[in-house]
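Two complexes come next, and they have one chain in common, chain A, joined by chain B in the first and chain C in the second.
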Partner chain A sequence: MQQLSLLLTSLPDGILLGFVYGVAAMGLTLIWGVMDVINLSHGPIISLGMFGTFFIFIKMGINPYLGLIPVAILGLLLGVAIYFIAVHRVIDAPHLSSLLATFSVNMIIIGIATAALTTSPYNVDFNMGSFDLGFTTILGTRLIAAVIAILVTGGLYFFLYRTRPGKYIRAVTNNRAAAELMGVPSTQILALSFGLGTMLAAISGALIATFFPFSILSGAGYELKSFVIGVLGGLGNPVGALFGGLILGVLEGAIPAFMETSWVPVIEFGLFVIILLVRPNGLFGAKE
Partner chain B sequence: MAILEAKDISSGYGEVQILWGASLSLEEGKLTSLVGANGVGKTTLLRTIVGLNKPWEGSIWFEGEDVSKLSAHAKASMGLVLVPEGRQLFTDMTVYENLEMGATAQRSRARMAESFEKVFTMFPRLKERRGQKSGTLSGGEQQMLAVARGVMADPKVLIIDELSLGLAPVLVLDLFGSLKKLKDEGITILLVEQNVQMALAVSDYGYVLAEGRNEMQGPAKELINNKEIRSAYLGI
Partner chain C sequence: MKNWRNHLGLIVPLLVVTGLAIWPALTDSVSNRENAFTILKAIALASSLNILLGYTGYVSFGHIVFFGFGGYVGLYFLNEQGWSIWTSLLIAGISSGILAYLLGKAILRLRGAYFALATIGINEAVKAFINNFDLFGGPIGMTLNFKVYKEYGGAAEALSMAFYIMAGLALAAIVLSYLIRVSKFGLGLLAIRENEDAAEVMGVVAPDAKTWAYVLSAIIPGMVGVLFFFKNGNVEPHGAFPLHASIELLVMVMLGGQGTVLGPILGAFAYQGMRGYLVTSDFFKDIQLSVSGVILLIIVLFIPAGAVGWLRNRFAPLRRVLP
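On to the complex of A and B.
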């Protein structure tokens, strides 16, 4: 009985958080799907999104949800820049090269940010009230974050399936040489995809910062979660990522009702390994 | 005047040289075929012409302009379009979306509605299946879609690599018929085929490639009656 009430308390929180994880994972999985690059700078970009909220809200006094717009734009531009500086030259090289390239970007961002911002935790004290559901209360910031995460997913889906640049991204994902033969400038499309991936990372970071303290190193944890989610939803399948995020959120909400919270990562990554072994294309299928 | 000219092209992959000074010239509005045995460099020559491979030596001229160094998408936008070997469709996208992707260049997008009508008249089957993912089509339908996607680009020169590969003879006849229609509309066509007899039968002019070099060329009618060709490629 006690466990059930614990479950009811923590599950809604976990689910709401799961949507935000989903957005972070979507960024990682989009980049992988389009160009077969695992972006190891994903974590610090999530952190930069968190600092985006910090500077926009604490320093400039702008509403953090309004602040998502500049964070998204800067995230997009940063990604395009990273693509041309670090990724483009190794795009056709073996995976190790692109892993090292994005890992270098990871180290550069962490290095600069550590020098400028230290690694001690920052906090954005933002209050959107809370809702009492009887068995638990939900923080307004988490609810809004989940709603925004769903809207972002819908937006991404619309972009990929209903707009021309989005269709170009899918065409390049599917067959880059053929897209090039049809007149699609594939380099620009790859840069755009990388930018969208980092934009999603930055948005998820900006949302997380409204309810968790953070430092430049916090993103790493979410990057790892993004891997688990990506594999759950199928790497290369952005919409599957939202469901993957939801599953992870449910796990994070449910596990503390039955065992110590410190078991959460053990179970998450255990699941990661099992899925890789049993369904390497993810629970929701994806590219072979 | 030649609309497309490849002059003394040398090219290959990595350390391996495939082409040793191959040349080709397409007369505007004509159907030209490029034939030769497996592995003589036909596909490499096409890839080099459209910009997927860079020429090591030699130059490529399109409508009087040197396009040797342009990227594939830039050449496609100018109207130099390749229907690649093995179809290379966007298999996760619908038939309609594949065709839409064909009309990417500014000039072809302006005529998209017209082009849709054209390809749907030419291949009514594609119209029926326009909402279906292209990966689920049959081999023949996929080849139709690959050609149709090329036509959507509103090409000035349409290059088709291995139109007949793996298709039933009836379908091949159909597709060759479609090519003739395209030619009648003024599109210059370069056809690469292993099915030498069929290719020469519909062509105006032909090139025979061997070991990365031009072996023979001439009006298709003469080539098809040429003794050497008959014994080497037609088995007669």
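On to the complex of A and C.
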């Protein structure tokens, strides 16, 4: 009975967080799907998104949700820049090259940001009230973050399926050579996809910053979560990532009711390896 | 070694390690010994990783898991069960090898980036598990009882001994790497790297060969772990499984040249030297990570074969002496 009440308290929180994790993972999995690159600079970009909220809200006093727009635009531009500087040359090279190229971007961002911002934790003290549901209380910031996460997913879906650049992205995902023959400007589309991926990472970071304290290094943890979610939902399947995020959120909400919280990563990463082995296309992906 | 001319390639690596091993004794400096220890450790780990990464073409992003796991097992027997350092090293090597065998059977079916992701997942899962494992001290880890040092004639003597064992392990890693490189088994691994399906058609039993490459690349890191924590005096989960250290190893192998015997050695040397310089220099110390990142990026983009690979491609006669 005690477990049930614990479950009821922590589960809604986990679910709401799951949506936000889903947005981060969506960025990772979009890039993977389009160009077979695992973006190891994902974590620092999430962190930069967090600092985006910090500077916009604390220093400039703008509402953090309004601040998402500049964060998203900067995230997009940063991603396009990273693509042309680090990724474009190694896009057809073996995986090791693209992994190390994106990791070097990770080192560069962390290095500069550590010098400028130190690694000590920051906090955005932002309150949107809370709702009492009887058995649990839900923080307003988390509810809004989850709603925004769903809107972003819907927007991405609309973009990929209803607009011309989105259709180009899907065409390049399916078969880049064929898309090029059909006149799709593949370089621009790859850069755009990378930019969209980092934009999603920055947005998720900006949302996470409204309810958790953070430092420049905290992105790494969310990057690992993104891997797990990406594999749960199927790498290369952006909408599946939202469901993967939900599963992870439910796990994080449910496990502490039954065992100590420190077991959560054991189960998460164990599950991650098992799913990679059994269903590398994800729980919702097509069979090979 | 009757046909010593056939083994010219082993000379340079051996000279490097011997030089490193006697350098602290010659200069009679403890700080030099610390530096040499770090470089030898990097050489042992990078050469081991090269067996899997360079020869077989499988990118392991979590190779440090064997370092941490072996270190934990060894330190447990050394500290809690009172075994000697030698038997502890042995048991650590064996248990790392067994772990690699079991993991390899499962995850080596994955290719490319999926394998890389799985190794990250395993590193994190093992770290999180040990964090909860009371026998190994849970989140606090284990602290070495100083009585252990007494058996070896006090702390100073024990540390000096640890240094020479590390030199031995680095040497062993290089010889192992070289023997694999020139063996038929190694040729099979290279074939897997170039094209796994074609290799199987030509009679390479790829699943077995890959698993053994994984095992051989895991044994020495396990032993290095014991030695490192023996010297440090304690072990805890975050220090034992640092993901960034795994990636540093990849950088070393890339820097020197993957798939060559000398490459990881040079890479370990260059990387540790560069890091030592950047961390201590007034100008770079705040942004040393960024500078390393820029250098890595330039190498990945423009010299993907690494220093030794580049030399081999440019100057054909060097191929005999730079294996």
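Heads up, the rule we're going with is that the second predicted complex is superposed on the first by the 285 of 288 C-alpha atoms of A that agree within 3 Å, B and C clash if a C-alpha of one lies under 4 Å from a C-alpha of the other, contacts with A are read in each partner's own complex, and residues count from 1 in each chain.
In this text, a residue touches a chain if its C-beta (ideal position, glycine included) is under 8 Å from a C-beta of that chain, and two chains touch if they have at least 3 such contacts.
Keep in mind that this is a model prediction, so the values were computed, not measured.
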* Should A:Lys167 be classified as contacting the first partner (chain B), the second (chain C), both, or neither? -> first
* In this superposed model, does chain C or chain B come into contact with more residues of chain A? -> C
* Asked: Does the superposition put A:Leu181 against chain B (first), chain C (second), both, or neither?
  -> first
* To do: Figure out whether A:Pro280 sits in contact with chain B (first) or chain C (second), or with both, or with neither.
  => second
* To do: Scan A:Ile38 for contacts with chain B and chain C and give back first, second, both or neither.
  => second
* Pick one for A:Val266: touches chain B only (first), chain C only (second), both, or neither. => second
* **Footprint overlap on chain A, comparing chain B with chain C** => none
* To do: Please give the residue numbers of chain A that touch chain C in the complex, ascending.
  => 32, 36, 38, 85-86, 89-90, 93-97, 99-101, 103-108, 110-112, 114-115, 220, 224, 227-228, 231, 260, 262-266, 268-270, 272-273, 276-277, 280
* Using the touch rule from the top, collect the residues of chain C that touch chain A in their complex. => 53, 57, 59, 61, 106-107, 109-110, 112-114, 116-118, 120-122, 124-125, 127-129, 131-132, 139, 243, 247, 250-251, 254, 258, 286-294, 296-297, 300-301, 304
* To do: Show which residues of chain A lie in contact with chain B when the two form their complex.
  => 167-168, 170-171, 173-175, 177-186, 287
* To do: Would you tell me which residues of chain B are touching chain A in their complex?
  => 50, 52, 71-73, 76-77, 81-82, 84, 88-93, 97, 100-102, 104-105, 108, 149, 153
